[in-house]
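Both of the next two complexes hold chain A, though its partner changes from chain B to chain C.
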Partner chain A sequence: MNLDALITYTLTSTALLQPELLVAVGLMLILVTDLFLKKTVQKWISVLFFLVMGLALISLSRQSEVQAQVFSGMISIDGYSVFFKYLFVVSALLAGVMSLFSEELNQNRRRLGEYFIVMTGMVLGMMLMAGAANLLMMFVAIELVSLSSYILVSYLKDDKISNESGVKYIIYGSFSSGLMIYGISLIYGITGTLSLSEMNAVLQNPAATIDPVTLTIAVLLVLGGLGYKVAAAPFHFWAPDAYQGAPTPVAAFLSVAPKAAGFAMMLRFFKTVFFGSATQDGYVPLASLDWVSILAVISVLTMTIGNVTALWQQNVKRMLAYSSIAHAGYILMGVLLLSDSGIAAMMFYLAYYLIMNLGAFYVTMLLGDRVQSYELDDWRGLGFRAPVLAVPMVIFLASLIGIPGTVGFTGKFLLFVAVLQQGSLYFWLALIAVANSVVSAFYYFKVAKILFLKKSADPHAEPVTAPVPAVVLLFVFAVPTIVLGIWWSPLYNWAMASVRMITG
Partner chain B sequence: MNHNIDAVIALSAVLFGLGVLGVLTRKNAITIFMSIELMLNSVNLSLVAFSRLHNDITGQMLVIFVMAIAAAEVAVGLAIVISIFRNRQTADVTEINLLRW
Partner chain C sequence: MILSALIFIPMLAALLLILVPKEKTDLFRWIALAASSIQLVLVAFLIQNYDQSLAGINQAETYQFVEKFDWIRVSAGSYGILEITYFLGVDGLSLPMLILTALVGLIGVISSFTIDKHVKGYFISYLILLSAMTGVFVALDFFLFYLFWELMLIPMYFLIGIWGGPRREYAAIKFFLYTFIGSLLMLLVIIGLYFSYVTNPGAAPEQMVHSFSMVSMMNQQNLLPGSLLSAEHWRHIAFLLMFLGFAVKIPMFPFHTWLPDAHVEAPTPISVILAGVLLKMGTYGLVRVMMPVFPESWLYFAWGIGLFGVINILYGALAAMGQTDLKKLIAYSSVSHMGFVLLGLASLSTEGVTGAVYQMFSHGLISAMLFLAVGVIYDRAHHREIDGFGGLAKQMPVYAGWTLFAFFASLGLPALSGFVAEALVFMGSFSQPVTQNLAIVSTLGMLITAIYYLWTYQKVFTGELNPKYAGYPDLTGRELTMLSVLGAAILIAGIYPSLLTDLMTSSVNHLNDLVKSAGTASAGLN
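Right, the complex of A and B next:
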């Protein structure tokens, strides 16, 4: 390729990658603007953040028709990645608004500029994760997200618990990214390429001699890095500590967006590398590696550990952390199914999980800020003191359990149907998942019980209220949780239309 | 030159193992970060060796990225360790135990 052609190619690629570039430019813009903003008006930096995210949404709608691989096969742009990019930008917007109402973030007059800079960087990393079609890009993107989350988790510099969760998070995180990059180097050693589609070609070539043991070890190591990102079972230990210590909007954001990014990347990795030639159904796994069983075991472990450990949690944030681990287990079922409906169910699950989980964390933040505690014992009878906040909380909890009428039921139903469609082989998997949902009802109901059925320790306690804009945002979360439960087909159809990813 | 690839890969595996061991057994947060660096650098070694084996430059490209990311990771990590040290006068991870189960 001569220089002119190279320049033209780069420019074409750049033009196709508009939303990502917008976010990157926005990051620098926020950074520079923050330097010149006086401390008294620094809250206005958030306006710039919302502007950047809004523009990214608009340019995403223009990206949705594109089907291309850009920058020499580094990044895929397809319906699949655009679906996830929408999720990231929307959750960043919602979490950004949440942070404006958070007392933790605003009380000590820290500059909010750096908070929004790091958040923008994280969105950029997640957008790249959803599209990454090369191990190099995967590693860089996952690290961009990780580094941003370390900073956000330990953002409350004077808070000992925030410090502690930051240090635990970064030790677990860099350890598993070390495992992942070692796995990547082994895969590179086996196949001689970093591109996912070329790797697939090598694995399909009958002449190539590939040691299955080495390949399994390498993939397990890569899975370590990915599993850490989605908080799947042997790599979930960071999640409760990080969520409990992090400022609540950050914990909320971490529990939905990077998780979705991790799943997006995991699925693209497995689907691109380990499938044979595209047939009508599209999914014939290569015999070289039984990753379906590996993922099934991880999925069962993850949901069981998450749900069982959540049972005896006394801290609401920690309980929600274990609940999000359990949900990662359910979502993993969608990854390991070799079907379009499985992928669509997974994407649908991630989309509505974003709304209901952000909602649950949001109420937790509002109540926790006002009672100055996240311990369940201090929340006794809070439902009567703050009905406006507590009733939506019950809706979110019901949806997290999967009570019919909420979107949580629809999502689980679609997922279980997709599992059962794959035949009796997966029957036990669906059975374990249903049993797990039943277990989860206990700890979700415990919160509702404490809010409404227990008497407050102090009978004359003041009613708890929140400012009107904060309550309005609450309905932004609560209304879709109900409405999507009944009118779910548009979102599901969109997910169904976006399942096919291009492989280059 | 290609004949010694096994030895290089073995050396990288040993270094990686030492790094993992260090992370699991060390108590000082800074030593843990040094062990993580050892893990990442052993990967660099094997990447360069594989790159040579396949006569392909992308492996060495990845090495540059790993180095940059390792530097960023340590910068963030040390910043967090400094802030924890300011608040608690310790960098011993066994004493950092406010959060349990």
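Right, the complex of A and C next:
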């Protein structure tokens, strides 16, 4: 390839990556603006952030028709990745607006520029994660997301818990990264390539002699890195500490966006590398490795540990952290099926999880800011003091449990549909998920109980209110939680169409 | 659109209540009263225009007041098309339940006038509950049915949990979790059914429409060969899982333990709704879903179901005899009376099934009346200990009279509705070999019931008046209205049963034939 051709190729590739580029340029722009416009016009930083994200949304709509591999197969652009990129940008937008109403963050308004810079960087990293089709690209993208998260978690510099959780997060994170890069090196050693689709070709070649034990170990190591991102057992230990210490909007963002990115990547990795042709019942596995059982065990462990541990939590943020672990377990059911409907259910669940979980965290933030505590004991009787905030909370909790009429139910319903579509094969998995849902009802409703059934310690406590714009945002979460729970065909069709467009 | 109106008028009223400032407590009461009165009027209109000759059950075209729209229709790739419809309809099984819901719902609103804590939240929850219950009785799409079934949980949780007695939190979460476990198992079976039935058998796989329509699942020619529920043992497993979901609601022994707790803690109007309508959702599920969708499993397990019915009757009655709390006594008597429904359904005879449905209706009225009666004395004395009263008949003669009426209705005095229902169940179950022995044993239940009611009456109302209660006023106009309306309904249903049985005969007969023919069909195969 001569230089001219190389330049042309690079340029075409670049042109196809418009949304990513936009975010990258926006990142630099915010950085520079923050440097020069200090103090005087701080609020413009957030406006700039929303502008960048808004533009990214528009350019994503133009990327959705593209089906290509750019930069020598480093990044795939397909409907599947675009679906996820939408999720990342939308959740960044919502989390950004949430941040504006957060007391914790506004005490540090001086440095709000940094906050949005790091957030933008994280969005860029996640967009790359969704498209990465090469092990190195995967690793770089994961690291970008991780580094940004470390900073965001420990963003409250003066807060001891925030700092502590940041440090814990980094330690777990670096450990997982180490595992993953080791796994990557092993895979490279076995197959001689880093590209996912080439690996698939190597595995499909009957002449290739691949030691299944080494391959299993290598893939388990890679799975360690990915499991860390989605907070799947046994790599979930960071989540409760990180969520508790992080500013609430950050915790909210961490619980949805990087998790979705992790799942996007995990699925692309398994689907591209280990599965040959698609059949009606799913995909034919390559090599004599039983991924499905491994993932099934992880799924069961994750949901059970998450739910059971959540039962004992007294801190709302910690409880939501364990709940998000549990939800990762449910979502893994969709991944391990590797059927079209399973993948669609997974994508669907992630999109819906975004709405309800951001909503739950948002109420938590508003209430937490107002009573200066995230301990459940301090929330007694808050429901009748702040009905405008507490009633939507009940809606989000019902949705997290999976009560029909909410998005959470639709998500779970489609997962169960996907699981039972395989006939009696995974019936046991569905039963375990059912048992878990029941357990989860107990702790989610504990919050409702504290809010409404308990009397507040001070009988003459003042009513609690929030500013009107904050309440409006609350309805931005609460209304779709119900409306999309009742009418969901467009999103499902979109997810289903995106599944068919996964390219290697 | 009349059925949609019936379901959603309470819901719309609830939305309206959100806008009303919370100080205007009277406005909440009157809006709620208006909403449930409209419901009752609509139900009257339904009865007026109902064609008794049409059967419904598995024939979509013989349902009445049908509303059917596509709700969700998405392609699931090679598995065909996933279809959820907004499908409502009424037949002879659902109409009695609608009458019951509207009537008891209205009585419940009137009884709720005494609630003075967080009135706004109370009536919003109550109206949502009313919508959900109505929805369950008219939904013909499983997805919709399940939606209403679960929707009822959240308002009920708060109604018991916020407005209940001392142990309300425990009772509320226990009720919630019991029902939730059952309904999740039900959900799995619903999904299994959905995969196993198509509305257009014989079509190419991509074109097959997997529908959640219950009516389609009641027609066995829609069963997809080779699917999960085409295997007999899986059908039995699915049957049992789903049965569990309904059994919790009935409540069937040994899943009944949530009921006494819920009843004792719930405020009076909620006890009325709970016993009057909510329990019927479980048995309604049996006739609406279990019998027509799994006829061969129903036949297979019929004796077992009858047996559990008899256990319910005897256990409930014995347990009631041992209670010292009036509400608990009535709760256990509910367990006992719901057993008759199980027994009647197990018999699969015209009399038995008619009696079972009649019992659902009759018990709804009687238990509502009983709980109201307990509410009256609880409002005055603030306790419900049977041994703590005595001689009340002297102080409150009108009240004593109506309570005696309710007790007699519950123990099956002829000329009252309970007698009709239980007599039919006895006749039906005795006539069928499968339930004959059970029927004989179950008569003991009636005896025990008579004992504990008469005993209770004696302890509470006769003898010397306890001076503590000397100043108590007799029934107020509001209380008298509620008791006499229910009393009149019980009396009418007792002396002129064909008013109601005419509405359901063709459906009940069709249901019986459907189940029995499935039995002979599968016997022929073997």
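Convention: the second predicted complex is superposed on the first by the 488 of 504 C-alpha atoms of A that agree within 3 Å, B and C clash if a C-alpha of one lies under 4 Å from a C-alpha of the other, contacts with A are read in each partner's own complex, and residues count from 1 in each chain.
Rule of thumb we're sticking to: a contact is a pair of C-beta atoms (placed from the backbone, for glycine too) under 8 Å apart; a residue touches a chain by one contact, two chains touch by 3 or more.
Only a predicted model underlies this, so the values are computations on that prediction, with no experimental measurement involved.
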{"item": "Which superposed partner A:Ala461 touches (first chain B, second chain C, both, neither)", "value": "neither"}
{"item": "Touching partner for A:Lys160 - first (chain B), second (chain C), both, neither", "value": "first"}
{"item": "Which superposed partner A:Val394 touches (first chain B, second chain C, both, neither)", "value": "second"}
{"item": "Touching partner for A:Trp488 - first (chain B), second (chain C), both, neither", "value": "second"}
{"item": "Which of chain B and chain C A:Leu136 touches, first, second, both or neither", "value": "first"}
{"item": "Chain B versus chain C as contact partner of A:Val417, first or second or both or neither", "value": "second"}
{"item": "Interfacial residue positions of chain C with respect to chain A in the complex", "value": "71-79, 82, 118, 121, 146-147, 149-151, 153-154, 157-158, 161-162, 168-169, 172-173, 176-177, 180-181, 184-185, 187-188, 191-192, 194-195, 205, 227-228, 234"}
{"item": "In the complex, chain B residues that touch chain A", "value": "9, 16, 19-20, 23, 29, 32-33, 36, 39-40, 42-43, 46-47, 49-51, 53-54, 56, 58-59, 61-62, 65-66, 69, 72-73, 76-77, 80-81, 83-84, 87-88, 93, 96-99, 101"}
{"item": "Chain A to chain B touching residues, read off their complex", "value": "135-136, 139-140, 143, 147, 150-151, 154, 157-158, 160-161, 163-168, 170-171, 174-175, 177-179, 181-182, 184-186, 188-189, 192-194, 240-241, 244-245, 309"}
{"item": "Interface residues, chain A side, partner chain C - complex", "value": "280, 340-341, 384, 387, 394, 398, 401, 403-405, 409, 413, 416-417, 420-421, 423-424, 427, 430-431, 434, 437-438, 441-442, 445, 448-449, 452-453, 487-489, 492-493, 496, 500"}
